[in-house]
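After this come two complexes, each holding chain A, first together with chain B and then together with chain C.
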Partner chain A sequence: MTTPLLSVRDLTVEFAVRGSWQPVVTDVSFDVMPGQVVALVGESGSGKSVSCFALLRLHGDSGRTSRGEVLFDGRDLLSLSEREMADVRGNEISMIFQEPMTSLNPAFTVGSQIAEVVRRHRGASRAEARKRAIEVLDLVGIPRAASRIGDYPHQFSGGMRQRVMIAMALATDPRMLIADEPTTALDVTIQAQILDLVKDLARDFGMGVLLVTHDLGVVADACDEVVVMYAGQVVERAECFDIFARPRHPYTAGLMRSLPRVDGMGEIEIIPGTPPMPDQFPEHCRFAARCPHAVAACEAGPVALEPRVNGGAVRCVRTLELDLRRTPEGSLA
Partner chain B sequence: MSGPLLQVRDLHVSHRIGRRSLPAVRGMDLDVAPGEVVALVGESGSGKSSAVRGITQLIRPERGSVLLDGTDLVGLRGKALRRARRDIQMVFQDPYSSLDPSMSVAELIGEPLIVHTAQGRAERRRTAVEMLEMVGLRAEHADRYPHEFSGGQRQRIAIARALVLRPKLVVADEAVSALDVSSQNQVLALLQELIAELGVACLFITHDLAVVRQIADRVAVMYLGTLVEQGPADVLFDAPQHPYTRALLSAAPVADPVVQRSRQRVRLTGELPDPMNPPTGCVFSSRCPDAIARCHEEAPADRRPRPDSSVACHLVEADPALQPSLP
Partner chain C sequence: MSAGVVGRRTLSMLGRRLVALVPLLGIVTLATFSLIFLIPGDPAHRIAGEGATAEQVAAVRSDLGLDQPLHQQFLTFLGNLLQGDLGTSYTFRTPVWDMISARMPITISLTVVAMVFALLIGIPAGVLAARRAGKWQDRVVTVGSTLGLATPNFVLGLLLTLVIGIKFQWLPATGYVEMAEGFWPWLSHLLLPGFALGVIAAAEIARQLRASLADVLRQDYVRTAVAKGMLPGTVVWKHGLKNALMPVITVVGIQTGYLLGGTAVVETIFGIQGLGDFAVRAVLAGDLPAIQGMVVFAVIITVTASLVVDLTYGYLNPRGESQ
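The block that comes next holds the complex of A and B.
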């Protein structure tokens, strides 16, 4: 059994709201093994991006991690000095953000921005850094990379800019990649190419990947493990094929049924209502108010994340009595 | 069967960039029947938004005609254009920038009535409240302002505003793309229900193929300013004919790992062409995995493999009964 590359334990993140600390993410736990692609799934406001920022300690002064551990290769990132953390970021763990236009500096050429990362973390010379920049731009499929490193971000299309971001993230051969909705703004043909690239890097170089997405198609295509978040908590965690075949939490099942599928299979069911805001999180099950299976027991008290049948974990008091599979005619053989 | 409500013929739309002209739509033919939902799909840069702007006369087309109920919108000006626009309303992508933050919800929904009807203040308010309830909001929301609403609620307000004049055609440009999954489905279901109930036709522009599959009667696929394929949604999804349509559909992931990981993807080769300098012959020839010599030389005419679909590809067999015989 290999040890996890990244192990997040009971991560709890609070934000200052009107003078008091408000928990936004509560007790988030999951592992990423070397070579594994783990999906962090949920709607906006579910806490998936906040969790990512928190584990790299990028949440700024308005947020704080009040509890939990983030073990990267056995080291607790939360106890490192700011200087040690700066060496981890961008070198051992890279992050790709959602918006490629705002994450690149418009005043510098893409080549110099990638080279800067290589020089900072690898102590490479100018010439070596430039060579590495061309190499990684080529790796992510930017045509004529050598002639484009002198171009500025605005001279690239949205898809190309996202590839530049990915190239920058990969330039130091990180052991772990955190990608927050890396393909959301991209066209499907480009998305498919980027996902192929991420899968290849995980498989060929043992890179661990945490892929934040709301797109279950992307999850089905690229991921090994799935972590589902709702209202700041992990509600279910399982192996990819198993969670699609048989979700054990009503929110997971609802999410899967609410998505139109490009192959036209399955009826669409809509989850009524909206998720609660952090200041309205109830003590009991946070999904109970929208759950079609809710009973009195769901509102009796806090629900723990328990081991799940077939591995993983689930946070639902009724999980053992519910069969949340799609009806046989809605599923494919 | 009555004729089409919207009949677009040989539409050309260009943008001026400095002293040069960028051809964004290059000869588009498209019909929308009364009450029909037609999805216009394509990737960024394909020209779908330019086509919409040309159709709604937000940009004056360079060439071609846009017949709405028999009236050509191209060339209309002033009062005549305003009158014609009453029947063609839009819902835009971003509900945060498409609603004036200084207007109350009742004013926003009632504004088109000032332009197009003789309704007085009280009557406009009554109509606005009716519309609010129709889109699933409540009368007490009428005096609130856009910032008090979520993205999904704002898009409901935008839909109410688009439908208040009972147009014949609603043009929805990526109307649900900015919304979160659960509100996306709620808004999509609402739009679908209202256009069916009011008998409004809809031209739905999107890059999200799963959404298309759910809402559209017919689908038109754009690539580099031209329509490469159009047909009934089921036919197009189940048996795409054009190599680009096949590539596009095969790239959209299915939310089921068993299905998704056994699918064959059509991989595109070559670089995205420069729209200033499109490839000779077929627009897709520079990236087409199936291209033959003829594709690089001669632009394919539309062929009709079935009476209700058309494909612009040299490699697609037309139904001989539907095609004028070749010399």
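The block that comes next holds the complex of A and C.
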């Protein structure tokens, strides 16, 4: 087995809320292998974006990483100096964001914004950087790339802007891409194109991809591994096919049931209630209050992330007793 | 967005401004003209002097065309203006245009030095306050700019002359020396008045920049710049500043007009014989052609400043160009 490209260990991120540090993400651990697409899934507020930002230390002054390691190629990113971190960002690890409409600088041409990152990390000349900008715009499928590098972001559609963002992220041949809900703001057809592009890039260049999403359709379509987060914790982690076929955590199962099915089998169910706010995280299982399978044992104390049947990990005291498959056994054809 | 398109836009803007200048000058000069005649007293009396006889006053009056009906006087003035003739100053007995063109380099030097001070102080202060928003550096800049805005430039000017010019004698206290006599002699005479004149503009620039840059630094594209490994200096001074400068440019445009007005006070204090000094004398003497000349000059400067501001907008905000 190859060594992980990115290994996140017990990452805990706190934010300043009314003068005190409140943990928003607790003990998050997962690995990303070269060439692998790992999905980070969860509802809004589950801490998936916060975790991502913390990997590149982009959470700003109001947040801090209080515990854990982010090992990239064996090097702990959390112990680097600001300057060393800036050398990693956009160079070895690139990031793309949820909002293509606002993530590009409106005052500079897309060509100069891409060339800039090449010059910064590769020490390329203006001409080389420009050439590289055309190359990557072409790679992400922007028609007539050479004539469009002089255009400003407002002259591109949302999907095209996200392609520009991806081009910018890829311009330095990073070994890892973090994509924070890259397709949420886009049309469904554009969404599929962007995902295909990301998948191809992971496969062709051996790039590790961490894909943050709340859309299970995207997960099923594009990912190798799935990390499910709930209320700032990892609740289940497994290989993609296996987690869809047989979720081992009631929350994962709930997410699956809220996904409509083309064959019309099974009802669409929603998970009742809302996730707790960070200042209301209970000591015991954080999902217990909304869990249809909760028993007294669930509220007895903290639940650890344990090895899972068929590989991965799960955080549930009843995981071995429950059958959480969407269609009950017996009715399967 | 080819250079040709930008060029055409610029040209058409220039053309429109020039056309608009004509009615604007008409209105402003008419307003000045009317105001002058609201000043009590007979200009002919003032010009002829205290002990002048009735005949002398009448001679002055017909000499200067002051015996003609008002509308006639105004039309004559306008006609002359269109031919580039601003008339002859009553008090200085010299063509107004000669007076203005002789004094213009002095006042422009002073205004430029003041604006350079304003930018050199205002921009770094605004950037510092925005980067350290809510921290002590921000508070220092806020207090400093409030002080700057609250201090009248004649108070600051007098203070600077007295302390730096007269007590310590680090810089010349008064007067003006042409650049032909050397760069440093020229500049050293302008440092104190330029600072006194520029402080308000500096404070205004710092406040505007702090507000707009603090907002820009929270934008997604700034986060993108950080995420792609740009160093903090590049993030702020390149990605942040270009987007934050729009309101600052507006302030610079407006302040250019104020600076010009401020020269009246500052030139008087520092004994500089520029246009501000000329304007003060012209108004005190009720010297209509001189006042009108200054007004026309001020209108042209103001319109030019706002034109430069608009052209700068186009550079800073490419979205405006394609519409």
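The definition used in the following text is that the second predicted complex is superposed on the first by the 321 of 333 C-alpha atoms of A that agree within 3 Å, B and C clash if a C-alpha of one lies under 4 Å from a C-alpha of the other, contacts with A are read in each partner's own complex, and residues count from 1 in each chain.
FYI, contacts are C-beta pairs under 8 Å (C-beta built on N, C-alpha and C of every residue); 3 or more make two chains touch, one makes a residue touch a chain.
As the structure is a computational prediction, the values presented were derived from the model and not from experiment.
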Chain C versus chain B on the shared chain A, clash or fit after superposition: fit
Which of chain B and chain C A:89 touches, first, second, both or neither: second
Touching partner for A:176 - first (chain B), second (chain C), both, neither: neither
Touched partner set for A:228, first chain B, second chain C, both or neither: neither
Angular separation of chain B and chain C about chain A, which is computed from CA centres of the superposed model and rounded to the nearest 10 °: 80
Chain B versus chain C as contact partner of A:155, first or second or both or neither: second
Contacts of A:106 with chain B and chain C, given as first, second, both or neither: second
Touching partner for A:116 - first (chain B), second (chain C), both, neither: second
Chain B versus chain C as contact partner of A:28, first or second or both or neither: neither
First (chain B), second (chain C), both or neither touched by A:37: neither
Closest approach of chain C to chain B (Cα atoms, Å): 8
Those residues of chain A which chain B touches in one complex and chain C touches in the other: none
In the complex, chain C residues that touch chain A: 1, 219-221, 223-232, 234, 239, 242-243, 316-319, 322
Residue ranges of chain B in contact with chain A within the complex: 43-45, 150, 152, 180-183, 185-186, 188-189, 207, 209-211, 213-214, 234, 237, 247-249, 251-261, 265, 268, 271-272
Residue ranges of chain A in contact with chain B within the complex: 43-44, 143, 157-159, 187-192, 195, 214-221, 240-241, 244-245, 255-256, 258-265, 268, 270-271, 274-275, 332
Parts of chain A lying in touch with chain C, wherever the complex brings them together: 56, 58, 82-83, 86-91, 94-95, 97, 99, 102-109, 116-117, 120-121, 150-152, 154-155, 165, 168-169
